[in-house]
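The two complexes that follow have subunit A in common; it is paired with subunit B in the first and with subunit C in the second.
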Partner chain A sequence: MSGAGFLLDLHRCVGCGACVLACRIENDRAELAAWRRVLPLNLRRHPGGPTYFLSVACHHCEQPACLKGCPSGAYEKRADGIVVHREERCLGCRYCEMTCPFGTPRYDAARGVISKCHLCAPRVDAGRLPACVAACPTEALRLVTASTPPTGEATVRVPGFTDPASCRPSLAFLAPAGMRRAGLFRSLEEGLKR
Partner chain B sequence: MPPLRTVRTVCPRNCYCTCGMLVTLDEHDRIRSIDGDPENPATGGHVCLKGLSYARRVTCADRLLTPLRRKPSGAGFDRVGWDEALGEIAARLTRVRDAHGPQAVLYYEGSGSHGALGALSMAFWRQFGGCTATYGDLCWPAGLEATRLTYGDNRHNHPALTVQSRFILLWGHNPAETNVHQWRLILDAQARGARVVVVDPRQTDSTDAADVHLQPRPGTDAALALGLARLIVEAGLHDAAFLGAHAHGFEEYRQRLDAFPIDRVSAITGLESESIRALALEYARTKPALLIAGFGLQRHSRAGQTMRTVALLPALTGNVGVAGGGWQYANLASHCLRPLPLPPEPPASRAFPVSQVARHLETLDAPPIRAAWIERGNPASQNPAAPRLRAALSRLGLLVVVDQFMTPTAELAHYVLPAKTLFEEEDLVTAYWHPYLQWRAKVLAPPGDVRPESDIWRAMCERLGFDTRYFPADRETLLRGLLPEDCACTLEDLKARPLDLSGHGDVAFADRRFPTPSGQVEFSSDEAAALWGVDPVPDYVPLDEGADAPARARYPLQLLSCKTRDRIHSQFGNLDWVREVERPHVLDIHPDDAKARGIADGSRAAVWNDRGRIELVARVTPGLRPGVVHMLEGWCHAGDPDVNALTAEGITDMNHGATFYECLVEVARA
Partner chain C sequence: MSARTGHGSLVTFTGLAIAGAGLVAASAYFGLIHGLPSAWTMVAGTGLMAAGLIISLGHLGQMRRAALAARGAGRSALSNEALLAALALGAAAMAAAVGLSGSDAPFAVAAAGAANAAFLVSIGLVYRLPGQLTWQGFSAVTPLTGGLAFGAITAQAAVASGDVYLATLLFIGIDALLFSQRWRAIAGMAFSERMLADPWHVRRTPLLAARFFLLDVVPFFMLAGVASPLAIPVAAAGLALDRFGFYALALQHTTEREIEETEARITAAGRAAPG
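The block that comes next holds the complex of A and B.
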C-alpha cells in the first residue's frame, strides 16, 4: 500500500454497520444503495473458522480495474491515491461493475450513472477523517495515507476477502486476537499461503 | 455554501451508552451529520448505528404525523384533528371514571424514551383521581436491588478506568453488541495486556474476542459464584484485611460455601472442574480485576439471590474501591434530579407488576380495567404473554397509544397520537453506565401535527379543567428547577458539556464507606430477608424452569431471547437502514439438539411450550451450549415470530422484575 486507503482491525470490528450509516448520511445516499457494506464471515460459528466482519467500500486500488475498464475516462487516481469517479463523464455503461473484482461501483438506474466511495475526498482534503472512519465506535476502521501507512503487522490477504493480487487494493487488515479466534484465523491464513 | 449549525444533545434510549451527540443541520433543517460528543468521556467521539439511524428515523415515511382514530368499521384508521381526538378521549375517560372509578383506567409507560419530563403524565393522572399503573421493571430491577443490598448503592467506577484493569470478567454480558463504547475500552485494556474472560451460555462477538469463555447452563450462576468463592477462600486468596474491616456476615457466608465443592458446582453448571478452578485462581490472583455483570443472568425467578452471590466476588477479593477493579452492574450516579413538582398522589391509585400486564387485564376486579393509555412502550410485543396481552387490550372499551410509529400496540388502539422524537423537545437525561447528566436540546421543530407528550398532557388537563401550572410554557425553567439543591452548576453548564454531579469521584467506594445497614459490604443481609423473604445469605436454588427442573421432561430446551446491537427492544427494526445491517432473525440451536430433532440449518422450526407456539428459521450453530436455544427479542413487524408468546409472567425474587430467560421449550421441524 502506498497511497490513501483503509486499515481494518478485525479484532476490534464488531460488524455493527455504523460505518455504512455514516457513509449514507455523509454522501446523501438515503434512498440509494450504500457505498459501504459489512460482510460477516461465519456468523453460524462453524468450529473450523473464526467469526469476523469485513467492512468494505472502495479499496482505492494501486492498479484500479474500474479505471482500466472505463471507456470514458470517468475514473481518476489522484496523486494521494484516492480513486474518484467523475459523474459528468460517466456513460452509464456499467463496464466498471464487471471489471472491479470487489463489487464496488453502484449503478443508479434513475440517473443512469455509476457512483462509488471517494474516501470522503472533500473531508480528507479539509484535513478530516472519512465519515465511516470517524463514526466507527470501536475505532476498528482507520484511514491510511502515504504519511500514515499501516503498521508492519498488517496483512493484505485474509480469508474471506477477494485475492488482492490483480489490482493491489489499498486495504490492509489487522488479524483478530482472542484465544479461540486467533488460532482459527492463523490456520485459515496458512491455507491461503499454500 | 450556507452555514451549517451544530447542536449538542443526547440519545435517550434505554441503553447503557446514553451517547452525547452533535447533530449538524443545514439551512433547511436537514440532518447532515450525527457525531459523538467528545465532551462525554465515556462515549467519546462516537455514537452507534442506532444513533446514526436517527437521520433516517425522524423523517422516514412510516412516521406518524397526525392523530389517528379507528374507523367505525373497526378496520384501519382515519386522520383526526387534535381537538376532536382529545375531546373524545377526555369524554370517554371521564365516563369510565365516573361509572367505575379511576382505577378502571390503566396508565402504562415503557422505557422507550428517557427524560425527566416523562413524569409530567402524572400531573394529569393524579388530578384525574388516580389510575391503575404498573410497578417494577421488565429489565434489571433484581440486580439493582442485589447491588444495593450488598454495597448500599448502585454506583461503579468511571468507565474510563476500565483500561486500568488487568483482568476483566464479563458475566452474562455481551458488550460487543450491547455496550459498544464499553467494548472499545475493554479492547483497549486487552491491548494493554488485560485478560478478558466471559461467562455466557452463548458464543457471542464478545466471547470470540475473549481469552477464555465459560458456557454454563443458564440459571446456574449462583452455584458458579459460590463455587468460585469457595475455591478462592480454600486457596487463601480472599482479602482478609478488607473483609476484616468491611465485611458483614462473612462467617455465615463462609459456611454457605461448604455446600459448594467443585464437583457439585461442576455438575450443576455443566462446566469442567478445571475451568472453574482456573477462573477462580486467575480472578483472585490478578489485580486489579473488574467484574462486569450483564442483565441477562437476572432475568429469572432467583435473580436477586443470584446477583448477590456474583456481586460479592469483588469484595471477597479486595477489588472494591480500586481503580481498574470493582463490581459493575449499573451506575445511577446521574440519577440525582429532584422530582418534578406534581399534585399529591390520590388514595385511589393502584398498581400491579409490569411483568404481569396480561394476567391483570384478564383478572383484575373491583374494578376491571376498561380503558388504557400507553406511551413510550410496546407491551403488545415486548411483555411476557404477549398474545394474551394483545387479546386483553383488544377487549378494552378505550385504548389510547402515543408513539412515533404504528407498533403492534398502536395497531390495537382506538386513538393513536403521534409522538415526538428525541430531537423535538428539550429535556434532561440520566444514564446508567456513565455518571453524566446530559441536556437534551431541542434540535428540530416537531413535524406535521406532532406534539410532545408534555403538550398532550397539558391539553388533556385543560380539557378536564385541571390545574395546568405543572406545565410551564418555558420548559427550561421547569428543568432548571430539577437540578440538585446543592448543585454548583447551571443549566447553561449542562448545555456546554455532560456533567457528573454525584460527588462520588471516579472510583466507587474509594472511601470504603458502604451505605448499608451495617455500614459494611453485606455478605449476609437481614434487610434482604425482611424486605423480600429470602435467605439472608444468598444461595443457589434451581429454577422451576431451569436446567435441573422436572419440567424438562416435556420441555427440554432452555430458551434465551437476548439483545443485539441493531435495536433497543422493538425500536429501530422498522428502518430500512438498520434492516440492511442487522443480524438474521433465526432460532439458534446446537447441532446435537438439531440432529435429535431432524432439523437442518435453514429449515423451519416450531418452538412451543404450554404457553404458546411460534415458527421461525433454524440456524444450526455449535456456538450455543447444548440444551439451550436462542433467538433475538424485539421483532414485531409483519411475519416476525413472537418470542413473548412463549415467555412466562413470572416475577423475580426481588424488586418485581420479569423472568424472560426462565423459559423451557421444545423444538421440532415445522
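The block that comes next holds the complex of A and C.
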C-alpha cells in the first residue's frame, strides 16, 4: 500500500454495520445501493474455518482496473491515492462494473451513472476521518495514508479476498489474534492453496 | 452483475455489429481475391453495423455524453473499440457507395475489410478481463472468428453461384476449433452454488452446443456441397446464440462470490474431517 486506503482488524470487527449506515448517511444514499458492505465469512461457524466479517467498499487500488478501463476518463487517482469518480464525465456504460474484480462500482439507474466510495475525500481534505472509520465502535476499520502505513503485522492475504486482476488494492487486514485462531487461519489458507 | 443485468441490449448491439463487420470483412476478401460482387453485401454489412452502433447508444445511461467515449483512446479497450467502430463504419459505407456507383475501387474495399477486421479484434479485447472467469483464453477471439465465419457464409450463400470457396470452409473451421476451446474451458468449470441457481449455467452445455452447431457445423455441411441461401438464417441464429451465451454465462469475480466459494470449501472440509 503506498497511498490512502483502509486497514481492517478482523479480530475487532463484529459486523455491526455501523460503517455501512454512516456511509449511507454521509453520502446521502439512503435509497441507493450502499457503497460499503459487510460480508460475513463462516457465520455458521463450521469447524475448521475462521469466522470474521469483511467490511469492504472501494479499495482505492494502486492499479485500478476501473480507471484503466473507463472510456471517458471518469476515474482519477489523486496524488494521495484516493480513486475518485467524476459523475459529470460518466457515460453510464457500466464497463467498470465488469472490470472491477471486487464488485465495487454501483450503477444508479435513475441517474444513469456509476458511483462509488471516494473515501470521504472532502472529509479527508478537511483533516477528518472518513464517515465509516469515524463510526466504527470497535476501531476495527482504520484509515491508512502514506504517512501512516499499516503495521508489519498487516496482511493483504486472507481467505475470501484475492486480487485476480492484479489491481493491488489499498486494503490491509490484521488477522485474528491468538495461537488457535491463527492456526485455523493458516490451515484454511493452506487448504485453499491445494 | 453488470454483464448479466440488462444484457439484452449488449447481445443485440454486439450481435449486429459483429455480423455487420464480419460481413464487410468477408465481402472484401471475396471481392478482392475471388472477384465476387461485393457491393450489396457491403451495403448489408454497413446497415447491420450502423444498426448495432445506434442501439449501443441506447445502452448508455448518459447518451448525450457518448462522444466522451473517445477520451480513453490508447488506454481503454472500450475507447479503442468505439473509435475503430466509427472508422470501420465509415470505411464500409465508402466501399459500399463506391461499389454501388459501379466503380472499381480495390483500395476502398481493402481498407473497409481491414478496418472491420480490426474492429472485430477490438471487440474481443474489450472482454479480455482477468476478473471475468468465463471470458478467458480463446473467448477473446470468438468475435473475430464468429464474425468472419458468419460473414463468409453470408457472402458466399448470397451469391449462390454454386461454387463454394475453400476460404469459407476455412473460416468456419477456424471458428469451430477456437470456439470448441472456449466450450471446453467452460464445461470444465466446477459448479458453484450460485452457478447451480442460474438456469443458463445449468444449461451451459446445450447452449454452447446449439451455438456450435448453428454457426459452424450446420452451415459447413450446407455449404460443403453447394452454396445455399438457407445457410444465412441458420448462421444468424448461431451468431445470436453466441452473443447470448457470452453474456448469459458471464461469471464475474467479486468478493461476495469468493466468500461463497470459501464457505463451501470450509463446509466441505468440516464434513470430511474425522469425528
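Heads up, the rule we're going with is that the second predicted complex is superposed on the first by the 183 of 194 C-alpha atoms of A that agree within 3 Å, B and C clash if a C-alpha of one lies under 4 Å from a C-alpha of the other, contacts with A are read in each partner's own complex, and residues count from 1 in each chain.
As a working rule, a contact is a pair of C-beta atoms (placed from the backbone, for glycine too) under 8 Å apart; a residue touches a chain by one contact, two chains touch by 3 or more.
If you're wondering where the values come from, they're calculated on a predicted model, not measured in any experiment.
After superposition on subunit A, the partners subunit B and subunit C are seen to fit next to each other with no clash.
Of the two partner chains placed by the overlay, neither subunit B nor subunit C lies in contact with A:Ile82. Of the two partner chains, subunit C is the only one that A:Cys93 touches; subunit B does not reach it. Between the C-alpha centres of subunit B and subunit C, as viewed from that of subunit A after superposition on chain A, lies an angle of 130 degrees, to the nearest 10. Of the two partner chains placed by the overlay, only subunit B lies in contact with A:Ala135; subunit C stays clear of it. When the two structures are aligned on the shared chain, A:Gly103 is found in touch with subunit C, with no touch to subunit B.
When the two complexes are overlaid on their common chain A, residue A:Leu174 makes contact with neither subunit B nor subunit C. By the touch criterion defined above, A:Glu26 reaches subunit B but does not reach subunit C. In the superposition on chain A, A:Leu143 makes contact with neither subunit B nor subunit C. In the superposition on chain A, A:Cys117 makes contact with neither subunit B nor subunit C.
Touch criterion met: A:Pro47 reaches subunit B and subunit C at once. The superposed three-chain arrangement places the nearest Cα atoms of subunit B and subunit C 9 Å from each other. Common to the subunit B-facing and subunit C-facing surfaces of subunit A are residues 46-47.
Looking at the complex, you find that subunit B touches subunit A at residues 31-36, 45-49, 52-53, 55-56, 176-177, 180-181, 183-184, 187, 190, 196, 203, 205, 207-213, 565-566, 577-578, 580-584, 601, 619-623.
Residues of subunit A touching subunit C in their complex: 39, 41-42, 46-49, 54, 56, 65, 68-73, 89-95, 97-103, 107, 109, 111-113, 159-162, 164-166, 188, 191-192. Of all residues in subunit C, those touching subunit A in their complex are 1-3, 5, 59-62, 65-66, 68-72, 75-79, 82, 126-127, 129-132, 252-259, 262-263, 265-267, 269-270, 273. Residues 11-12, 14-18, 20-22, 24-26, 30, 34, 38, 43-47, 50-52, 131, 134-139, 176-181 of subunit A are the ones touching subunit B in the complex.
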